[in-house]
Structure formats: structure tokens, C-alpha cells
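What follows is a short report on a single structure.
Chain nomenclature is as follows: A, B, C, D, E and F, assigned in order of appearance, with residue numbering initiated at 1 for each chain independently.
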């Protein structure tokens, strides 16, 4: 019963939060309304998101988030430097292939997103069997280092969260 | 407030919505509901005519917001009469289309009801922008209906029809914008007041707006040189739809009366000779086109251009006497035009392999009743006695005064002759020559009998459409009394303004 | 001080707009143009946020949100079109 | 500022007209879209230009811009959206039916081609 | 009333006859005859009164506003004409019963004939000239039907058409003439018009009025130069020819001249126009008649000639001539109807009407031939037959008439015409009935059944009776009629008698008989002479004129209606620009005094972007995708401008509409050609460019002029003031949309709904017929196999609940802050469309099962019923109400009926967008040839069998 | 305090504007699409993020009104920016195969974008297949 009412408690919580952010108002009325939305909307949309993964490891999520945020800021500064001060013909850009151990689509998506938002890398494609991720590096000396850092820094943590 | 006033808008709208919501898989019930609703609409419209005939101008404040701040509907003799005409035509066409045309595409009846709603709204509203909205409702429904049944010719013609009307809609907004920018109001009665008070320096802008708006209406009324779309669209539309469209051109004419003749008055008076001039050319082009075309449907379409020319001549005189004639002619030409389209369809369906093409062919089956119907419709359209076209022509000729009279008479009579020639040629090709071919060819080849659609299913609406011109002619006296009264009410702009703006006193 | 910062920022973002338009005009690939369009949408969001701060109003927030949504969707639609032809298949 | 807005509206109108006068469906549709932008802006500025005076009643607001043209434009945007959607589909449909993307229609005075019987449809 | 019945009874008979034909031919003919006889009896019942000098009248209002009424009157002329019509009609009905063959539809024939009879009687008895016009045109119409009765004869159709065009055209001119006459006289009542003759003749508009009326009369009575139609009308069955083209219809023109004689005749203009027209017609037609081999052709031209004579007599304008005219009308009716019927008998019996193949019929069908010879003698003007008497009177009058200062002109010409008249009569007698018997007839002729010759005999009896005892038989009638024609003036001295003494007229008459006989004697050399003369064939001229008119109309329409949208739109836009400029420039203008806003850098940048987009679109529009991108930019910029200029609601709407439009156009481009063809030539481009620039400059000027002047007092002040207290919302734009002008919004969502329904209907039919074949043959050039990119799928799944939450937010706050049902609807629709885009239509539709059509219908219904609900409180449609509700924990919140309305808007919008987009996608699926993966992320990304299932 | 707040807000505004400019500059400057992708997807996100933080700070600290909804836009952008880049990269690689990478190692399959070849024959959409 409870499970059917809250197909995804985390999503419900997120929607409540989103609602409160939207209305900019922490009054009781809006909390109630937000909670209602948090219940109803996931119910309405559940069919569009079958096989929702269950994520349980909250601390892992938080630490992952902090790492990524930090990386994003650093990445932006790095990219800004490259854009502003590096001549185009000095850029050592290339594609690298990252073999994936993750299997959950959501997890792969998070990894790909993280890669795009972090230093000098953009996720460009997946292999059609979903076992490899194609990543473009703006400026990297060694492709292998990039692969290794991605796998250790992000994929390992995501494995903990999702699988 | 008399809530019946808004029923001609709300009833078809809700009917259409209901058809879409609940009955879209059940054509039989769709027909029943659609026809029943249209019968009710006709009853209400007739009731409104009776109501309006006491001479009172009745405003209806939608949302209970006082004029000029909210949207006001206005029932007077003019709008009541146009509503009744719409409902009558609508009923005939919906019955006719239920004979089989409605199976040729989806949502015919819903689109049809929405179309009635749009037309009704255009006739009732007393607000310029709301008029735009109802024009759009009417137009988009007409696009759907015009394309009903598909086919290459119809689709290509449809694109032109839609594109040209979109230009017209754009122009409408430019014009309304200019007028609002100078007067600060959208309510027609309020406009009548404000336009007279507009400052000297604003006159150029206002007048540009007024004349642009006139062109919008003239486009709808198919006034030359804005008429191009009509033969293309009406000729290509499925016949019942073309028949319904006979009222749509009248919306343009109505709007010129309501907005330009009534509300803008002196500010629009300069347009009068131009309207008359353009209308005369319309008559010439309509008549020549009728003679030139090679399909009965196209002939009917050009005949509509011609009749719109006659109508706009009368309107363009901007004179109460001529206005009464114009109203009569509007009623007449709507019915006659619609009858022609339906008969063209009835003939086309019974000429195997030739449709309504004006070529030598074997005769339509059931040619006797068909030829009689065609003859009557043609008489009505050409303005020959004893049907309403003759009375309408007499009224217009009688009302013509002033320096342009010679031209007007000359054009009306000369183009009448050309349309007579056109219809005589068409009729003799369809019914006489064709029988000759049949007689000659009967011996040689025993043609395989094609299944003949029963005329019975469509006889009732056809008969009704042919009886209407007869009735309009036979009861010309009472009808003209109504139209005279309507024209007098139209001329009494102050009465309209008082009735509408006076309603604002009891602001909540 | 905030007003000055806003003013400077608005001019900066205007420059960014101009640069994006340059890329949009140059192309060469469709993807370049779409990327430029997406960037333009982001620049527009920036302008909206700056206007909000400038006038001290929260009225423009939803517009910024919708711009973000629209920029995303348009980009995806164009890419999907290039990839598959049919956008909704 | 008024000059910029007026000329921009004029440029949109001119582009719209120019494209509407092309010979194939798609440019005509784009042209009509440009005309729509132009007229919506035109209608909007009938309330004159005002900055930071949105017509949302609040105690701190000193003045409001004219809300009525905004409401009218909103209606106009929605309506023209419906119209655009329809004409696009119509262009598509006509192309699918006839294999031709031009905007010309068949002649009204030439004799109907043999075998084609335009009015001979049967319900 | 009973007079009206005289005209209406035949009409009733027409209806009855077409019904009773089922009971047999005799019943049908009896019905027709009965109706006619009844009408005749009714008419004659008024005869005593009329002879006593009364005028019997009746009047029923029809259209009093312009003076059109059902008013009939019987005076001498009316009685005479109506009687003539009905009596001959009766005879014709009898004759036709036997004349028509088994295969001829008799019901239709009698219906047409009685319709015509009714119209004719109406012409004779109308007192109101407008009513007269009604009947006048009806005679043209019914004769059109009668002439074309034999539908298989091409001559019948052509003759009918020609008759209709000529007489109908004349009728149109007559309408003008009668209206002017009524205008001059101040009444449309004949009695009043006739009483004001002097005033009419003195009026400056007399001459145009006269010309118009004469045009009507001359066309109807086939007067030169309109004489050509009558012979071609002879394709009609003989009873028709006899009735219409001898006795009645063609005399309507003469009747009209007689009827209006007091009002119009007697002036110099009248004499100078009418008399020579009659005279020329009389001569030319008689000359042509001599050479007609077809009996009916001969009789037809003879009729034209005699009509010319009557016209001439009336044209003299003297009372005596009018008496002669009246008398001749009577005489001509008797002998000519007899002759027509006789010709019909010949045709019927001998199988031909060709004089060259006939001769000596007196030996084979003695009764018929004798009767025909009697009538022929009358036509030739032989004494003892009635034709002689009126011809004598005519010649007598002619001798006394001077034209153009030449006293001999008219007598000489009239005599010449009389000579011709004798000649063709002699030819008819000697070449057809007399002479040796022949045996080469197509059929062996016999005298017909009595029913066919009896009517002829009756007429011949009249011919003889009048011819011998004119004063006794015809005297009173002629006197009565002539008096009615000339009006209040006293009748002149005249005597109806065979012998008037040795007058010049008698000499001329004798001369005519002798010369005419000689001409007939010398027929062969005369024919050679005739063939050597140029013979302008009037029919060919007429046909050429009609053909030229048709060609002209086709050329004109082909030149104007090119069916080119470019031209149509160009002309329309040019007209708009010209009219707006004209209106603007012809009125005073003062520059506005409103302070302008300062220019800012972002504004300039944005402005430049717009200009660049415009130039880009015009320049590069051939690449449709590029054109679409440029359009999107403009949409973005327009939306930003709305935001900048204090219109957040507009910005939200514009931007959300923009994205849906973009997706829609992308869907369309995929099936349409990717590029537009090259434009043909520089000139068309330059031309449209010029139109565009003119339009653009005009709009810019208007916009600038508008923005730089101060706002007038606007009704929106009320909206601002009442928004919160009256509408319960602080977002004035939204309150306007859902409340003050909620009716606009009601219409607006209906527009959307209709658009979706129309799109659905259009595309639904694309799955059949030519479109479906084209779709099937189309191959999607799919290049990438990744239909549902994983990243996209996952992100849209997360975004969906978020976006819907945003949609709810926008919906709920709309009344007070930017937002509302419309924008919320678009946001939610877009969120759903995103699912379709990412995960595929099939999969997403199967997950959602949203019934878009029901949403549209439901939305409109909800909005409409919200409006209707107000009726329960006796408030007008869409009257809104709102209140504040306080609940524990939740607190106080506002509930407004406008929200229910907005919900309707929301539903309609979502339904519309989903229906439109999904329908196109459905069509595209048809064009798809490579298999599309059903749903997202399959097959590879579905958890492999060895992997643990995700989630649970 | 007031000054600090103002400095904070101003700094965030300027940082945001700076990154936005860098993003667009990179878009204009970098030589090919794959490299151009890096600049706007990252910089603009951070740029907008900074601006939104500025807005948040401004309304909370200067105006004294609660305004957290800026976070939503940031959230939205973070959710969508990688997808945008991903889709653009795919669209680009499809048409520029010479610049695209070799097939993935180890697997029997190609990159998803490249997976199937064109279907055999047939005209492209937009051409009229029935008119030959």
C-alpha cells in the first residue's frame, strides 16, 4: 500500500522541495499542497518511468554531489583558461573510449552527465550495446589517464549508489 | 438580461464539444445530435427575430462586465435576422450532408457546429476584438470544412484559401491595434462615441485603421480586388460546405454595415463611392467568370462573387433605403447561392464520370426533378421572376439614387444578362445536350447502370432551399417591412449607443 | 554597486549574444548553428536574470525557467531531426 | 527605443510579406510566421512602450503598463499558433496528395482533363 | 380577386397537368383545357361590365415598400388580349392533344404551356407595371422551356437559348424603363401612369425611358434588328409556334406599345423611332419570308412582318392608326394561328414541312388544305377575308403619313411590304396546297383526326365572319379595345366595312395583289436574284457575338484568375498598402508628444539580431531548416522584448508556443522537400521585394507614429482598477483573459480545438489514397540507428514530474502572477511531447493513453459549462465569482470560478498540442521503412539476463 | 555588512557574466564542433549558476524576500546541459564521420549513432517518390 502510494519516496521528496522553491513560500498550506503534489505527480507519471532504480546509499550520493560540484567549478576555470589563452592549433583534442561497468541506464546517464560537466570532457556517444562510452577531450596529454580518472573518481562511486 | 441572446453561440459550441467528447465514433448519433441542435438553434434564432422585432436593441454583457469594459453582445433586428438565416441554412446543410457527405472525413459535424458558433458570434458581438476572435473561429472551422473530403484540387485550393485569409487576419489585428491606439476602446458603441472625439492630429492614424479594417471585411465579402480566394475555394470545397459558405461572405458584408456604416459613420463615409465602384467591378468579374468557367461548381462560385457585388453596391450607397434592399438581397443571395451549390452536387453525383463538368455527356439520372431544381435555383440567382432574386434586384434598382445611378443600373442589368447567358448555357449543356447524347448513344452502347444515389435523402433540404426564395418573394412585403425596420434601426446609431452604453450604468 | 555590476554584466552578455549570432551565421554544420541557438537561449536567460536583479523583481523568474526548457527542447528536436528525420517516432 | 521597435516591426513585416509572396508552401508559412510576429508586436505596442511596469497589481508598483493590448496579443498568439499548425499540416497534406509543393491551384477556365471528374465524388 | 384568378388558374392548371399525367393523356389535356376554360369563363364574366365602360380591378399588397402589388385590371385592351390568349390557348390545347406523339411527355408540355399562358394573361391584366415585369419575364422563361421542349433537337436548344437571351435581355432593359417610368409618374400603377401622359412626355428623362421600354417591346415582338430570334424559335413543337410565336407572346411587345400608348405615344421621338422600325421590319421580314422553304420558317417571318406592321401603326401615334393596329392584332391572331396549325398538320401527315417537297395537298387532304387556303387568303389581304380589312386601314393611314418631309416614303414602303406579303402567301398557296398531286411524300398524307383540324376550322370561321361582317362580329370589340388603347381621348371616325369606296388604299391593295402574284409566278428568277444579294445571317452574327463574349470572358478570367497565390497575395497586399496610405495621407496628422525611452546597448544588439534574422530569412529561405532556425531566433527575441517591455505573460506564452511550433515545423519539413526550388527570375523577386518594402515601411511608420503619441483614456483603466476587487486576481492580463474578456478566450480555445480536429481529419485521410501510396513509396533516409538515445530518455524521465509540477504551479498562480491555464497547458503538453520525442511515440502513447480528442472536447465543455453555470444565478454567461476559503492547517486560499474556466483552457491546449503533433508523427511512421525500435533503450540496454534487474 | 553583501552580489554577477562571455567566445573561437561544445555547455552553466546565486543573494540579503527558486533553474540546466551536448555531438558525428572516432573496442557493435547503414534505395523524404 505504502509502496503503491509512494512509488518513489525520493522523487516525492524532491517534488515537495521543488514546489516550495517554486512558490517561495514555506507556509503550512504550501507544504500540504506540495506534499499532495509529491504524491499525485509521481503516480501520474509512474508509467513513463518504469523500472525506477532504488537508490539507498544517501551518504554516497551526497559525497558524489560535492565532488562533482567542486570539479565543475574547477573545470570551468580550466576551460575558460584554455578558451581564452590557448591557440587553437595547440589543443590536443581526441576521443577516448570508456568501457562501462555500470548497467543501470540511470547510472550511465549520471556518469555521462558528470563527464560532460567536468574538466575538458564531453560525453559524445554510447556504443549500441551500452558497454562503452565515447568521450571527447578538449585538451589531454594521455587518454588513458582520463579513462582511469573517470572510472575511479566517478564510476566507482556510482556503482555504490546504483548497483 | 435575456440569456437566449447568447444561446446561438453557446449551443453549437457545447454541441460540438459534446460530439468530440462523447460521440466521435458514432456517426449516426452525431447526425442526430447535430441536426437536433441545429433545429433548436433555428427555433431560438426565430424566437430572437420575433423578440428583436419590437425594435429594442438588447445588449448582453458577457461576464456581467458593463460596456464598454467587458464584451457585449448586441441583439437587434439586423443580428437576429442574420442569425436566423445562418440557422436555417445550417439546418438545411446539416441534413444534406448527413445524406452521405459527412462520411468522407472525420469530425464533420463538430466542425460544422463550431462553424455555426463562429458565424453566430460574429453576428452578435458588439466588440471589435471579439469580432476578430469569432472571425477566426469561423475561418478555422471553414478551413476544416473546406478541406473535408480531401483530394488534390481541394487541398491546393485550400492552401490558397488559408494563406489569403491569414493575411486578412493579420490585417485585422493591425487595424484593431491602430484603432485602439487612438481611441482606447474596443466596444463598438463606445467607438462610435470616441471616433467622433478623436483629436485632429490623430485623424490620419485612425483613418488608416478604419480603412484597413474595411479591407478586412471586404476581403471576407470577396470585393474586387480582394476576391481571388472565393472562386478557388468555393469551387473546390465540398458542395455542402460551399453551400454553408454562402453565409460567410455575408459576414463580411454584415461587418461593413455594423462597423463602418454604423460605428464609424462619417469617418468611413469617404469609402462609400469606392465600395460601390469596386462592387460594380465585382459584378462584372463575377458575371464574366460565371460565363467562363467549365464546371457548375465554379459557375456557382463566380455567381456568388457577382451577387456579392450586387449586395455591396447596395451597402456601399450608405443609405437607409438602400440598406433595406441590401438586407433583403443578403438573405436572398445566401439562400440562392447555397441552393446552387447543393444542386450542383446533386447533379454531379448523377453524371457518371463527368461530375459537374460542363461538357457533353450522358444526362444525369433523375434529370427531370434535377433540371427543375436547377432551373429554379438559376432563376433565383439570375434575378428573374418570380423568385426572390427579382425582388431583390428591383429593390436595389429602386433604391439607387445619385450620380452613380446610371452606372449602377447599367452594370446590374448588363451583368444580369451575362449571368442569364451563363446559366442558360450551363443548363442546356447539362440537361439538353446531354439527353441528345444519351439518345444518340443509347443504341450503340448499353452502358452499365451505375448505382444511383436516392434523391430522396437529399430532396428535403433541396426543396427547402428552393422554397425559401419563393417564400422570400411571396412574402416580400412582410420581409421588406422587417428589413426596412432593421435599416431604420441601423440608421439610429444613437439608439444603439444608448442601449449598449446605457447598460453600463448598473456597474456592479 | 550592484546596479553598476548589472550594467557591466548586461553589456558583457550582449557581447556574448553577438558572438553567438556570429557562430549561428557562420555555421558551418547544422550542429554548430543549433549549438549557437542553444547558447543564445542561455544568454537570454542571463539577460532575464539580470533584468530581475536590475528592477528588483521576481516577476521574470518563470520566463527564465521556460527559456531554459525551450532552449533544451529546441536543441534536442533539431538534433533528433538530424539523427533520425522524424522527431517523434 | 521607439525607433528601434518600429523599424524592427517594419523589418519583420517586410520579410513576412516577401516570404509570403514566394512560390512554394514552406516559405509562405515562414512568411506568415514573420507577419504574425510583426503584428503581435504591433498590437502589443499599441499600449506604448513601458519598462518595469508589468500590469500585476502590487502595493509597491508606481504605475502599470496598459494590460489590455497584452491580453489581446496573448489571444492573437494562441490563435495564430492554431492557424500555423493547420496550414503546416495542410501544406504537408497537399504535398503528399499531389507530390507538388507549389502554391498554385488548378485553373478555373481550362477544360477539366480527361478522366478527372472533379465534382463526381460520391459519398 | 377573381381577376387575379384569371391569371392564376392556368398556373394551377400547370401544376395539376403535371400531376394528372399519371392518369392518362386525355385527363391531362382535359385538366389543361378545363383550367383554361375556367379562366376564360371567369374573364368573360367581367365582359359585360367592361363593355359597359367599367374598369374592373383587384389589388393585393405584395411589396408595398416599392409599390409592387398584385393588382390586376380588366379594361377593353386587357379583355381583348386576355380573351385572345385564352381562346387560342383552348384551341391549341385541343390541337396539341392530338399533335403530340406517344413518346412526347405530355404532362411537361401542358405544364409549360399553361405556365406560359398564365404569364401571358398576367401581362395582359397587370395594373402594376412591376407586376407586369414579373409576368413579362415569366413569358420569356416559359417560352424558353417550350422552345426547348424537344430536348434532343440541337436547334431547339439553340433557339430556346437565343430567344431567352434576346427577350430576357430586352426584359432587363424594360425593367429599367419601367422603373424610370414609375419614378417619373410617381406611381407604378398603370392607371395613374396613363393618366399622367403629358407630364411623362415633358419629362427630361422621357427619351431614355422610351428607349428602354421600346427595347423591351422590340425584342419581344422580334422587331428589326432583333427579328432574328423568332424563326429559330420555330424548332419548338408546332402548337408552341402557333401559340407563342403567332398569337400571343410575340404580340406582347405590341401589346406593351398599345398599353403605354397614352403615356408615351404621340411625340416626335415616338413617331421617329417606332414607325420606321415597324416599317423596316415589315418589309424585310416579308422579303425573307418569300424564300423560306420551311413552312414554319415562312410563317415565322410572315409573323415578324405583321408585327412590324402593327408596330408601325402604333408608331404613327394617331388614334386612327391605333384602331387599325388593334384590328390587325385580332385578324392576324385568327389567320396566323390557323396557318401554324395547318403547317403542323402538313408536317404531321406528310412527314415534311419543306415547300420544295410539297404540292397539291388539296387533292390528298381536302379539308385541311381548304382551311389553310382560307387563312392564306386572309394573310395575303384578299377581300372577304379579315386580313384584307385591316391591311386596307393600314394603307389608308399610311397614305396620310409624312415621314422626314417625304409624303410618299411611307405609303411606298408599306405597299412594297404588302407586295412581298402577297408573294409569300401566294407561294404558300401554290407551292404547297394547290397544284398537281405528288406521290413522293415521306408519308402518304391524309386529313388528320377531327380534333386536329377542328381548331383550324374554328379560326377560319372567324376569319370569314370578320372578313364579311366586320362591324357586326368585331366592331364592338375593336371599339372597346381601341378606346382602351388611346385612353381618354375620343375615338376617331372610322368604319369597319369591306367597301370604303375607291380610295387610294384600295388601289395600292390591288397593286399589291397583282405584283405579289407576279412575284410568285416569277419565283425562280426571283430566287436567283435573291441568292445574288448579300444575306447577312443574323443568327450567325448573334452566335458570333455570344461566342466572342464567352471567349472574352475566358480570356479575362484566365488572365485575372491565374490561380497563382503569389499574384493574388501580391495584389491584395498592394491594395492594402495603397488604401492605408491613401487614408493616412488624406487626413491630418500631428506628430505625437510622448517622451521616448532611451536606447540601451542590449536593445541595439537585439535589434541588430532581428535585422540580421530578417535579412537571413529573406536571403536563405530556400534552405528550410535554416529558415526554421532563423524563425526560432526571432521568436526568442520577440519573447525577450515582451519581457523587457513589461509583459511577462506574453513572454511566457510566446516562448512556449515557439517550441511547439518549432517541433511541428520540424515534423513537417521531414516529409516536405528540404529545399525550396530556385526562384524564377529577378523581376518577380524584385516586384515582391518592392511590395514587401512598401508594406514594411508603412507598418514601421504607423508603429512609430503610434508609439510616440500619448495614450488616450482607455477602457483598460477600468480593468486595472477592478482586477483585484472585481476579478479577484492581481495579474490583470490574466483577469482580462479569464474574466473581463473571458469570452475571447473561450473563442480562442475553440480555435485551437478546431485546428486540432481539422489537423486530425486532414491527416487521417492521408493514410488512404494517393497520399498513402506516396508515403509508402517514401523512404526515410535514416542515418543514425539510435532512435532513443539513453541520456535523453533518462533525463526526460526525470524532467517529466518536475515539469508537470511546474505546470501546476503556473496554472495555480496565473490569476495573480504571470501564468495561467494556457501557458500551463503548453508546459505540460511540451513535457509529454518530450516523452514522445525521447522514448518514441508508440511506447509513450502506450504508457500514457491520453485521449487528446476527449481532452479537447472536455476542455471546451468545461469552459463552456463554467460559463453556463452563471445562468443558475441569473447572471450572464461567464460571470465569475470568487471567494476565500480557510481550512485548518492549510490556511486561507482563494477559489475562483475563473479557475474552472482556466482548467477548460488547460485541457483544450494540452489536447490540441498532443493531437496535432502525434497525428503528424503517425503519418511519418507510415513513411518509415527501417524498423524503429519499439521503445527506449532497447534492445541492448535492457538489463542483460546475467545482470541484476535494476531497481527492485 | 551591507557592503559585503553588495560586493558578494556584484562579484557573483560579474563572474556569471564573465563565464557567459567565455562560453560564447569559445563558441565563436574554437575550430570545430566537438571542441566548441566544451565552452558553452560548461561555461554558460556556471555563468548562469553564478548569476542565479547572485539573484538569490540579492533577494534574500538585499530585498529581504525569500527567493530560492533560482535553484530550480540551476537544477534544470544541470539536468539538461549534458543531454544537449550529447545530442549535438551525435548529430555532428553522424555527418562528419571522418572526424568521428574508430569503432569501440571489444564489442561487436558500433557506436549507437553510427549503428545501422542507410536502408537500401528509395528516395529521401521530400522528394516525390511517385513522380519518376
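Keep this in mind: a contact is a pair of C-beta atoms (placed from the backbone, for glycine too) under 8 Å apart; a residue touches a chain by one contact, two chains touch by 3 or more.
Just so it is clear, the model here is predicted, and its values are computed rather than measured.
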Checklist outcome for this item: Chain-touch separation of subunit A and subunit E, in steps, is 1
Checklist outcome for this item: For subunit A and subunit D, the touch-path distance in steps comes out at 2
Next on the checklist: Just to be sure I understand the contacts, which chains border both subunit F and subunit A?
Outcome noted: E
Checklist outcome for this item: Farthest CA centroid from subunit E: chain A
Checklist outcome for this item: Comparing C-F with B-E, the busier interface by C-beta pairs is B-E
Item to check | Distance from subunit D to subunit C - Cα centre to Cα centre, in angstrom | outcome: 24
Item to check | Mean-CA-position distance for subunit E and subunit C (Å) | outcome: 59
Checklist entry - In angstrom, rounded to a whole number, how far apart do the mean CA points of subunit D and subunit E lie? => result 35
Item to check | Shared-contact residues (touching 2 or more other chains) in subunit E | outcome: 554, 557-558, 561, 563, 565, 569, 573, 600, 644, 648, 669-673, 699, 702, 706, 711, 714-716, 719, 740-741, 744, 748, 751, 754-755, 758, 762, 765, 769-770, 774, 780-786, 789-792, 795, 798, 802, 806, 817-818, 920, 940
Checklist outcome for this item: Residues in subunit D with touches to at least two other chains are numbered 20, 25, 28, 38, 40, 42, 46, 52, 54, 56, 68, 72, 75, 79, 82-83, 86, 90-91, 93, 97-100, 103-106, 108-110
Checklist entry - When you check subunit A against every other chain, which residues touch at least two of them? => result 18, 22, 24, 112-113, 123, 125-126, 128-129
Item to check | Touching residues (chain side subunit C, partner subunit D) in the complex | outcome: 55, 57, 59
Checklist outcome for this item: subunit F partner, complex, touching residues on subunit A are 18, 20-22, 24-26, 72-73, 75-76, 79-80, 83-84, 88, 91, 93, 95, 97, 99, 112-117, 120, 122-129, 131-132, 134, 136, 138
Item to check | Contact footprint of subunit E on subunit A as seen in their complex | outcome: 11, 14-15, 18-19, 22-23, 27-29, 32-33, 37, 41-42, 44-45, 47-54, 103-106, 108-109, 112-113, 123, 125-126, 128-130, 162-163
Next on the checklist: For the complex, give me every residue of subunit E touching subunit B.
Outcome noted: 61-66, 68, 108, 130, 133-135, 137-138, 140-141, 144-145, 148, 151-154, 156-157, 160-161, 164-165, 168-169, 172-173, 175-176, 179, 546, 549-550, 552-554, 556-558, 560-561, 563, 565, 568-569, 571-573, 575-576, 579-592, 699, 702, 705-706, 709, 711-716, 718-719, 722, 726, 739-744, 746-748, 750-751, 753-755, 757-758, 760-762, 764-765, 769-770, 853-854, 856-861, 864-865, 867-868, 870-871, 874-880
Checklist outcome for this item: Within the complex, subunit E is touched by subunit F residues 76, 79-80, 82-83, 86-87, 90, 94, 109, 112-116, 118-119, 121-130
